[in-house]
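Okay, structure first, notes after.
Each chain gets a letter, A, B, C and D, in the order it is written, and its residues are counted from 1.
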Amino acid sequence: MHLFDRFSTGHMRLGRIEGFSDGVFAIVVTLLVLDFTAPVLRNASNPEELGHHLITMLPALLSWMISFIIVCKFWLNHHWALGLAAYADYGVVWLNSIFLMFQSFVPFPTDLMGRYPANPVAVSLFGIVMALNTFLFMALQSYIFKHLLKPECANERDPNGTIKALVGPLFYLIGAAVAWRCTPASFVFYIITPLFFITPPTRKTEEQATDENSRAAAS
Amino acid sequence: MHLFDRFSTGHMRLGRIEGFSDGVFAIVVTLLVLDFTAPVLRNASNPEELGHHLITMLPALLSWMISFIIVCKFWLNHHWALGLAAYADYGVVWLNSIFLMFQSFVPFPTDLMGRYPANPVAVSLFGIVMALNTFLFMALQSYIFKHLLKPECANERDPNGTIKALVGPLFYLIGAAVAWRCTPASFVFYIITPLFFITPPTRKTEEQATDENSRAAAS
Amino acid sequence: MHLFDRFSTGHMRLGRIEGFSDGVFAIVVTLLVLDFTAPVLRNASNPEELGHHLITMLPALLSWMISFIIVCKFWLNHHWALGLAAYADYGVVWLNSIFLMFQSFVPFPTDLMGRYPANPVAVSLFGIVMALNTFLFMALQSYIFKHLLKPECANERDPNGTIKALVGPLFYLIGAAVAWRCTPASFVFYIITPLFFITPPTRKTEEQATDENSRAAAS
Amino acid sequence: MHLFDRFSTGHMRLGRIEGFSDGVFAIVVTLLVLDFTAPVLRNASNPEELGHHLITMLPALLSWMISFIIVCKFWLNHHWALGLAAYADYGVVWLNSIFLMFQSFVPFPTDLMGRYPANPVAVSLFGIVMALNTFLFMALQSYIFKHLLKPECANERDPNGTIKALVGPLFYLIGAAVAWRCTPASFVFYIITPLFFITPPTRKTEEQATDENSRAAAS
């Protein structure tokens, strides 16, 4: 098809894609705090009344922290994956844009789960959105591995990588399913899952190699 | 006139203009999600009530996705067009600022169309704003072609470019007109139109050339 | 004094200050659109009702456009002024931060003037804030001229610069005063004033020189 | 433990971490202004009514200014601390993310203190959040000193640094405690504390050295 052929054309600097992506990530994590709104107090200087309101916000605080950690995890892995690409074609630009679209959606299920932590629809929506984000990230990553990989990063490909990567969305989806029985259990799943992916695969990275090269070039 | 003469002066780095523009694009696409607000439930843990609310948000979801894709499309073409310029004068800075002004306006008609998907005013306003954005982008692009084109990008100019480019605003305006008969038909127009421009013109780009030059220089 | 001495120490790259400033400028201009909120319609698909609401938003639209142009003008002049500095000390960092503080304040008087365009307090507050911003920018600029000027930019200093620069705040303050007689006249002042400063002083700039140097160095 | 070992792996460019951090800082300081919302007037063109509303917003204005200065102070010290690192491992990425999480939280206690300046809970929460932010920054800084310090920055370590640094959180916590007796006294503490840290330690910095090196390299 003509449309799909066009995606493999284009030869863009990665810098502006990273700048745009970093902007979206930074705004997403910062907008999360807009979910906290100051309560309307009947007695403005009453500490008990405000203290009570703050305590009812604890689930929203937990939901915010989980989301923040997950988005930072995506940011770190995104950084790693784009570092493997030699350049960007239009295919990677659009896969990246669709991934960022659902990253930018994260504040909504976060707000919903923080507001209605005992509602199975709110809690399972959070897990479904995170699973979707992980699938989109996997698509982005395997496109880079297939079409844009720097020659010096060939040894970065992990033969069991796909199976390992599926652990993430699987756990998010189990968390989403569990919400219909016991919503606090879902929170446990959502807290544990990002810990598996808190660092990208840790063999010698291309950046290290690049740094060494650039040091060698500089000296 | 004195005022207009001053626009052709100035000789600025493109980097900071791109940084400012990328910031605006990133914020625009991320603010779109603020259109989704958590509903106020009578029974906080009732899944049916929340589920029903989420279903009524489907038009807002569709409106958000259309906008996201269109803004990413503008970002990609903006990236391409600025890549053709050898430097920036004050004329391009101001054309760029006015273009960004109406990009930053996009969240408002998106919200309106998502909230009132059966209201001809809301749906046609969306198309008019997108047509206006396309005209402003065309002005920016032809200014670059006329005054700031890098010598090595001379072959990027497409003799039929203007006619092809007019397809975009034409379709948005048809979509806007159709809203007064049948608003769902407008959605179809708004989904199809950006697909024509999903990649910039795809002959060998200057960045490819630059990359090759820089590789040659490095080796 | 010990405190003030410390400001002249420090020797920082300008890149990260520009990145932070560009971020603030980009967010300020994009947040301006949050002033437009979708009206609550009694009949969701009634075009007359929505159309009527949109017409009442015209002053807000005008207020938004004026603010957008003024902030872009500050961005362009800020870009120019920082381009004159050889490096950044802590004094320029803090003058820049205080300038950005009042730039980030701009959405509030913009919203107020757009909502209450016939209220002298709202309309004059807008002019006062813009005059204050201009004074803060002048302080930033003269600090750079006095302490951080690149040797090759010595001819950028305009002996009549301060008098010319005072035209800006003077006009904003006249606009603010006029609001107490006739608010539409203030709008005229606020539209005209930025036009005087729509381009920075246009002698040969340091960037042009730098570009020429770098081209010379590259060849 | 396996998890903690992984943190010391990774070898990333500092540029993208700075870009992401600068984005978060820029958005945090700009979102602070969203705390100011236009009042709903009964008589839209009545200057007394609007003027009276603006006067009641003075504590919010003060709260906003204090927060803005404190976040800028964190930005400047963050800039300084990252400038000491030779590269980034995953440990510094995550310490940085957790620090940014609580930076992004700042708009909430700022809003609360501005809205309820006589409520001990609101005023002391502000001090506690700022103390927490200072502790997190100290953790980030000492991690850099221990694991990632550039060899040429060895003389940046101040033997009394930790004791001096503890002055900050101590003063914020005293301010928080004082709120239960007299909230205006807390404001005084919150204004004075950042002044101690308004510039990073001011011995010859690595950037100066780097600049000199790069000048030497260029000539």
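Criterion: a contact is a pair of C-beta atoms (placed from the backbone, for glycine too) under 8 Å apart; a residue touches a chain by one contact, two chains touch by 3 or more.
It should be emphasised that the depicted structure is a prediction, and the values quoted were computed from it without experimental measurement.
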item	value
Superposition rotation for chain B onto chain C, Cα-based, multiple of 5°	90
Interface residue identity across copies chain A, chain D - same or different by half	different
CA centroid of chain C to CA centroid of chain D, Å	24
Rounded Å distance, chain A centre to chain C centre (Cα mean)	35
Multi-chain contact residues (two or more partners), chain B	19, 23, 26-27, 31, 34
Residue numbers on chain A that touch chain D, as the complex places them	18-19, 22-23, 25-27, 29-34, 36, 38, 41, 44-47, 50-51, 54, 65, 68-69, 72, 75-76, 79, 195, 198-200, 202, 205, 207-208, 211
Footprint of chain D on chain C - complex, ascending	3, 6-7, 9-13, 16, 19-20, 23-24, 26-28, 31, 34, 87, 90, 93-94, 97, 100-101, 104-105, 107-108, 111-112, 115-116, 118-122, 125
